[in-house]
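Chain nomenclature is as follows: A, B, C and D, assigned in order of appearance, with residue numbering initiated at 1 for each chain independently.
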Amino acid sequence: MNAAASATAPHAPDGASTAPADAPATVSADGPATGSTDGPATGSASREPVTSSELLSVVASRELAGRRTVFAGIGLPTLATALAQLTVAPEVEIVYESGVCGAHPSHLPETIADAVLITGAEAVLSMPALFGYVLQGGHIDVGFLGAAQIDKWGNLNSSVIGDRWDRPSVRLPGPGGAMEVMANSREVFVVMRRHTPRSFTAELDFCTSPGPDRALAEGIRPLGAGVTRVITDLGILARAGVGEELRLVATHPGVTAEQVRAATGWDLQVADALATIEPPTASELRLLREDVDPGRVYLR
Amino acid sequence: MNAAASATAPHAPDGASTAPADAPATVSADGPATGSTDGPATGSASREPVTSSELLSVVASRELAGRRTVFAGIGLPTLATALAQLTVAPEVEIVYESGVCGAHPSHLPETIADAVLITGAEAVLSMPALFGYVLQGGHIDVGFLGAAQIDKWGNLNSSVIGDRWDRPSVRLPGPGGAMEVMANSREVFVVMRRHTPRSFTAELDFCTSPGPDRALAEGIRPLGAGVTRVITDLGILARAGVGEELRLVATHPGVTAEQVRAATGWDLQVADALATIEPPTASELRLLREDVDPGRVYLR
Amino acid sequence: MGPDDPAVPATAPAPAPAARPVADKTMTMRDAIAAFVHDGDTVAIEGFTHLIPTAAGHEIVRQGRRNLTVVRMTADIVVDQMLAGGCVSKLVSSFVGNSSAGSLGELRRRIEHALPEPLEFEEYSHYGMVCRYLAGAQRLPFYPLRSYAGSDLASVNDGIRTVTSPYPGPDGQEERIHVVPPVNPDVTIVHAQRADRAGNTQIWGLTGVQAEAVFAARRAVVVVEEVVDDEVVRSDPNRTVIPAHAVDAVVACPRGAHPSFAQGYYDRDNAFYRSWSHISKDPERLQEWMQRWVLGTRDHAEYVAMLGEEHWAGLAVGDALSLPVNYGRRL
Amino acid sequence: MGPDDPAVPATAPAPAPAARPVADKTMTMRDAIAAFVHDGDTVAIEGFTHLIPTAAGHEIVRQGRRNLTVVRMTADIVVDQMLAGGCVSKLVSSFVGNSSAGSLGELRRRIEHALPEPLEFEEYSHYGMVCRYLAGAQRLPFYPLRSYAGSDLASVNDGIRTVTSPYPGPDGQEERIHVVPPVNPDVTIVHAQRADRAGNTQIWGLTGVQAEAVFAARRAVVVVEEVVDDEVVRSDPNRTVIPAHAVDAVVACPRGAHPSFAQGYYDRDNAFYRSWSHISKDPERLQEWMQRWVLGTRDHAEYVAMLGEEHWAGLAVGDALSLPVNYGRRL
């Protein structure tokens, strides 16, 4: 908890594992959810066309409304969280896997362990404290993860491509802390730059970071809801929690449901009220380009 | 390990739980073990009669020869260790239950948490590190303990006097960290100011801190040998480890084995080669009175 | 590295995003206790000899809380006072005594004679308590430790159990180890030297089990000698023992750890510790003391004033400053 | 407290006992690796992105150690170099990659193609590795954690098992939890900003799992940017992450963490990280690199010199000093 207003809500885990069932905050079906009154990007700072990185950052940032603690890596999740701090979630805090809480960097960080994240930070925790007390302790609202493959239950593969774990065709970096983020965050957002049937697959080559459905099949209930949002270059998939598949709930302007289904390796369900994602507003783009990443380190 | 010379000896636990079987270092049977060539106290600083506290401190200090890490409370164990640093064990280090390692206090500390132990110390550890990594991790050679009652196996009671734990006639402070010191130190020294049948008892009212024999009866083998030395106002009891009773191995000058047996609540075994404890030397007394505790805070 | 390696364009330094707004969690002691400590709650009060949150305990007495379960490794003077205040029906502890200075009169009457009423007591060893906080902080169902084998404590405390390791022991045989259950207090109260308004809490000297006790709790109140500017905390992030997101209230209460000490702020009042055994031995005298020093004071500032400046001068400490370390700045 | 309480004579301040002699554990890197790393040993090398003991890894390569089991959470460039040096037959890790900058060529060849020979690989998650060190440091037979349920990792790693809690779960039913076994390396090597000659080691910025890795080990080598006077360490005992009694050797090796960084000393060499994916992709180029920068240098000082002052100037950092805290002095 980092807001006085939340003083009456428990901050320790209490076994609840349901994700908010509300619709993504970024879609235009029910009008813009960002509270912004300006229209699509037209301002001077936003004359350049919107890049894919910008699009994904903006869409992800809107999904952080109401969240307080985010476990994120460097790159799009950091941009999204920084933008959310300036728009829909002023008090949201990033906790980095390296142990940094409340960073106030002088420069845009290049890694989760960048020296500029440490100097001027509010706290730096050891690994046992970070993983044990903060993450497993249940203090993270949203964990951001990426993966080489995702299936319809939100299970993730970041280990190997190929049939055999011990002799893969491609050895990927492996679990890192992703398994812990999945098991212990209230919910997980996945950002995938390219929505393809190879990455959105019916069957993972290897399940590195299982969602709660797989855990429950072993009789173990994790804290969180698993993946609740997948944000891609085509649209947004969502699920509320245990027992639900990822469904297509929104597409970017000009993208059809059939396009997304064709780019998905399983028989993707589509929400009845499929929405169109509101494009980045001029204000969002200005903040992203001028305040968050003016050097265009990650917006390339 | 805090000496370069010991670099080849493992410092992590390896399951060994035998205590040194050598005789106490303080007895005169085989000549003085302190290497001191001066005789009994006769110097100017040592004209006053030897007090019981001084006697116990000196005897305990000699037992620390060859030891490196001591887990000790304030009082006689601290005096004994400080004297040992000046005599038989120059590199011995006290680790305090409060988490202080390598203290360099400006004043004699009054508690294990005294502010003067912290200022200028080499390290201050959290409780999880102190109890988990240092103590349970197996880094302590000798733990000093006291108790209200001790039995012939070196089991200790510091909880209650009376038949019922939940309605005792006297409620004592309880286990504190004594149980952990007993289970995890290589060996334990007990200093008892008064050797009486009530405290040296055939049956404890309550076993707070069990020696390894009781643990083994439950099928669990602790790291250490349990109590290997009991130093009292009458003499020294010793045992080598699992399966052995405490035996009387030495008495203070003028004390007979029968006196000690009469002051002991069980049928105390007496070593064949019962020794007489060498009285404090002039050098030991001078160091104790002039360097270790000149304010006579604990030597009263 | 070196001219033969492919050059990668250096990323240009970029100004950081604007600082996010900081939540202000500062409250008065009265408001914090009113908001976060309720009748029947499980209240952890930690601080191992150092930084004992006495002033918070006194405010709990002033507000007349009842039926509390107090969790505290070293149940010492503040617990005896809360018992005397009638606040506590159950105690979970590993050491019940007035430090090394003597006895706790009220506690002993409650346990030895059930006077004025029985006290439910759950006893662990120090490390057992540490492990309960560790399990609570880490959301574990149990925590293993190498204590309790052969101890009578396990026979009077059903919370102490065993687990068989799924790995063979050093001798190739099955290995059993004792475990303790997690503790998740409704609220943990700790005292610290300083925090910022958001709750980033810095402690030096003995840090005990404070971080674990806070992380194990549903809510946490941090009482501090001083609330400092954000920049003070941020000049040394490794000094932050408890991060803001684990803290619900920050209470400025100078000298609030008396008679214990705050490293670098004031020394331990050893004379008071010694006197407590006498005060608490006689129930009437104890109640007079409570009336005068706790119920008779509006808040801790009054208690501090009543002790008098001369008394505080005797506990004053000089300076021994840490040498700075360089966190570095990107050029 | 107050005039109505029994006065207890204040104990007179007494000078402290003479300081005990301090063991000097400083050694050269060459001597430390020769003494503490042997063929076939299990060697933990920790440092999470920050303070990676690269220079120690290079010296292991120079001395031609063989059949090592390397334990390291983030198996990154230093591991790829030790693999290329032919030192490693088994790897225990939770992340095998060149940070976020790309791939480890040698590691991928070993795993994907068994070239030039197979690599035994034991894989855990980050927290699984942390817990293995925690179990090792605490001499526990296992450590429980809430990971692995439903993961395929458990099916390819027999070390990941489950235990049934002896307490009922939140739903009143039996609760199972995964556990990992302890790791007790023959030697742990870490890099730190500074230590005193006895081994009291101070780290700031990211402290990772260094303390646990050291306490879990049979022996420990601490490599530091500088060996400092005892007084520097003692001015701030809370900064000591590893106490002397857990350390066997102290090696002064400035810039020994390159290409990683030492907070306050030098910055991360991001360009080198990016270049490594290219260097290591081609086995011949990799061996040339090893020949030139590791086998072709006598020690780390030569490696540092070969990089050149201009290179180091690009990694220089400015000052951002911590504000001091007062530890207090008895008056």
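Here, a contact is a pair of C-beta atoms (placed from the backbone, for glycine too) under 8 Å apart; a residue touches a chain by one contact, two chains touch by 3 or more.
Because the structure is predicted, anything quoted here is derived from the model rather than measured.
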item: If a chain touches chain A and chain B alike, it appears here; value: C, D
item: Whole-Å gap between the CA centroids of chain A and chain C; value: 36
item: Centre-to-centre distance between chain D and chain A (centres being mean Cα positions), rounded to whole Å; value: 30
item: For chain B, residues contacting two or more additional chains; value: 100, 110, 115, 118-120, 124, 132, 136, 184, 223
item: Of all residues in chain D, the ones touching two or more other chains; value: 11, 134, 138-140, 145-146, 177, 204-205, 207, 211-212, 235, 238, 263, 267, 270, 317, 320, 327-330
item: Category of the chain touch graph - line, ring, star, complete, other; value: other
item: Pairwise chain contacts under the document criterion; value: A-C, A-D, B-C, B-D, C-D
item: In the complex with chain C, residue positions of chain B that touch it; value: 15, 73-75, 97-100, 110-115, 118-120, 124, 126-128, 131-132, 135-136, 155, 159, 165-180, 183-184, 206-211, 213-220, 222-223
item: Interfacial residue positions of chain D with respect to chain A in the complex; value: 48-50, 73-74, 93-97, 99-100, 107-108, 111-112, 114, 121, 123-128, 130, 134, 145-153, 156, 170, 176-178, 204-209, 211-212, 261, 263, 267-268, 270, 317, 320
item: Residues of chain D touching chain B in the complex; value: 11-21, 23-25, 35-36, 134, 136-140, 184, 196, 198-200, 211-212, 215-220, 230, 233-235, 237-238, 240, 242-249, 327-330
item: Residue numbers on chain D that touch chain C, as the complex places them; value: 1-2, 5-8, 10-11, 138-146, 161-167, 169, 175, 177, 179, 181, 193, 202, 204-205, 207, 232, 235-236, 238-239, 259, 263-265, 267, 269-272, 274-275, 278-279, 293, 307, 311, 316-331
item: Interface residues, chain A side, partner chain C - complex; value: 1-5, 7-8, 10-14, 68-69, 82, 85-86, 90-93, 95, 100-102, 104-108, 110, 115-116, 118-125, 129, 132-134, 136-139, 184, 223, 291-295, 297
